[in-house]
């Protein structure tokens, strides 16, 4: 059980690297959805006590929102906008990959510094969570396309969800569902904005969004 | 004496069979019967019988290239443990020597290619040099992980039963990360898809093939055999990383080794048949990803406190 | 009661989406706002007990900021009736619904006793206000401002979620609890919380909610969003939302103090507060865009809030009073500025002249707002800033106090140059004195009166609430 958990965590981080290196927007959306699906399965494996109901509900909720609904919204934003599928990075792919590798090492170092109360479900959990958050931030900062920034934000949320896994049975369901709902609503609103950005500028490139500045 | 003879026999006889197997797998994907399994042996025999043609613009460097390459690869082969038995040569630091011997082989070929003065060969040589300079760190990182687990920077670490316990602490994630990196390296160093297409006839798309365009006769036989041997060695190392502890029984070990080589041939053939060759400017990304995979595997090892 | 206060605006918002005519929608907003305010007043008289298993509850700071939000919302609803007189009805439908959802989410934030629910509320405010900021759809600059707002605040709030999880892990060091993120339980188990996790968690909460609050250097979305949004929205954002985001930071500081890391939290707050005041001051000088200048002023005042709570003691009381006074003055300023912008059709300070002649009431109100916000007596901001300065000197932190004084002077000079130039002089030729409708002048006039009144005398019930809030905030 533990090695399956480990394997899924490594898979999640590998998805991060795929996102860093791949240039196609459609593929990126699918990969972030697959990462969310991998993470959704983790509560079922990581639970400490016997109750199954809570993790199953969470699994279904994450599946519904992050794997089905959100990619659908994002694909609709792409289709409506009929943008070119290229990612247009501000930081080149090779450099992003190397930086991502560096961030993974930083995460391991950070995780060693922060002692966990009681044994976590896996010793790779905290480094994987930190890596995903940091790589998500790298994606946010290093891409010019607005849609790519949304994907970066989704990856950051995935990483934070991974972190919250450590105590899945201790947060009330209301709050977790609220978090999921918020993520969905955020992507919904962002999708609408993406549509408007395209309509206005004919390209979803945030380098067009630089008109506002002081003086 | 016996194990040494067995080792040499394996080295001399098996690699072309591996290449033949890969060809059969590719043919099966394409719906053809393909060339016979033992075709590479016939090719080697034919080439050895022919005479070589040397251009008037070349010097001794061109003639020495294939020979040095084959010698270096064979020497490197003496370091790698096959079939669960110890290699004929083994000492602390032989991991690094292995990497350097392969680099020496490559250098000999590069020098021979540049010696011809042909632009195609020079282009192939520069591409090969660029990509291998990215692949080296990945290989050394994998070897560093192996050394860390086994305690000694030697191929013995892959065989030591005491190391097997350390590998299981490291757990499947670390092993699969390292194995994945090694597989990508195996494809990259041996000019396989997705890095290079061995069956292309368009010189502008070649990397390794362009380097060896002008060799003929026995020289070409040496090069083909050295290439097959290199692929064989990578397959053997990959197998050892995936299954660290030998079973002790030579027959069972032999069967396991044979089965793994079959599987390896199948894997390479499948990858060659299903993927397309990467655009040239994407190949560095693939190699950097392999580096990153290896460093992640190493990080997991260190995090788990594996000594 | 609290659930009613949260659900009422939601229901009204849904009804507004479905409502047919504009009149019905405006009436719906006004009625909902009035009922909400009545509910809040009832909470003053009969303090409500905890609901939803203790996850909802109103303590002193929560009640204070909720009152500010409710009052400001009602006045904005009235003002908006006049401001949006000629606006696109489709856009108004979304505006009405989203502003009511915004009120509901602010109520949730103010009354949340569970850190996770608090997070949900603050994220909800970002989502509800994005369509509000994006009101003038034809302008690409508005699009840019909305996108920056959405992305930056969402990232910040994601970081705050990580901080919330850190706090939960810190709580896991003690005896197991069914709902560890409940504020009550966290405060009760203070010493058993793990210090490194709490410190890390507070840092992340400060960065995350500080982004939403407009603390420098995380404030870069604020000038764009608050200036490109229509005036009523700017008033709500600056006057109510920033306070609610500050509540998030405050909860983090409370937990930190209970865990024994209070000094660490307070130092960070003082540092970020000073940086915000400084950057706000630097960007106000020479600013040409009227609403952008007001937005930087919000950054500066949020810095003063953080500084006050960071200093603690008497300064915490000053900070709470400042939160109230700033909201009143900022609302006043944005309403008056909205009138000016609507009449002159430009936000550029250089282009606007003679407001006192063309829009006399708004001109006077603009002047009053300027005097109020820069901290001149007899307005309330003077009193609160004086309290904070006093406490700083009393604690022996002379450098902090002198820096604050210097920055405040710079702000005064910068704003004076801008606003005095605006109101004086002669308006451009051919523009007669305009008739100003009571809905455009009434709300800001009310706010001005309140700001003036609070500068002279703080009534007893308010004083008691401020004391309680200050004690909770670390007095």
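Residue numbering begins at 1 within each chain, and the chains themselves are lettered A, B and C in the order written.
To be clear about the criterion, a contact is a pair of C-beta atoms (placed from the backbone, for glycine too) under 8 Å apart; a residue touches a chain by one contact, two chains touch by 3 or more.
All values reported here derive from a predicted model rather than from experimental measurement.
*Asks:* Looking at chain pairs A-C and A-B, which one is connected by more C-beta pairs in contact?
*Replies:* A-C
*Asks:* Need the central chain here, defined by C-alpha centroid distance to the all-chain C-alpha centroid.
*Replies:* A
*Asks:* When the C-alpha atoms of chain B and chain C are each averaged to a single point, how far apart are the two points in Å?
*Replies:* One centre to the other, that is 65 Å.
*Asks:* Could you put a whole-Å number on the gap between the CA centroids of chain A and chain C?
*Replies:* 31
*Asks:* Please compute the C-alpha centroid of chain A, do the same for chain B, then give the distance between them in whole Å.
*Replies:* 37
*Asks:* Okay, in this complex, where on chain A does chain B touch?
*Replies:* The contact residues of chain A facing chain B are 3, 6-7, 9-10, 13-14, 17, 21, 93-94, 97-98, 100-101, 104-105, 108, 111-112, 123-124, 127.
*Asks:* Considering the complex alone, what residue numbers of chain C touch chain A?
*Replies:* Against chain A, the touching part of chain C is residues 53, 55, 114, 116-117, 119-120, 123-124, 126-127, 130-131, 134, 137, 140-141, 143-148, 150-151, 154-155, 158, 161-162, 165, 168-169, 172-173, 176-181, 194, 196-197, 200, 223-224, 228, 283, 286-288, 292.
*Asks:* Please output the residues of chain A touching chain C within their complex, sorted ascending.
*Replies:* Against chain C, chain A makes touches at 113-118, 133, 137, 140, 146, 149-150, 153, 156-157, 160, 163-164, 166-167, 170-172, 174-176, 178-179, 181-182, 185-186, 189-190, 193, 196-197, 200-201, 206, 209-212, 214-215.
*Asks:* Hey, which residues of chain B end up touching chain A in the complex?
*Replies:* Against chain A, the touching part of chain B is residues 171-173, 176-177, 284-285, 288-289, 291-293, 295-296, 299-300, 302-304.
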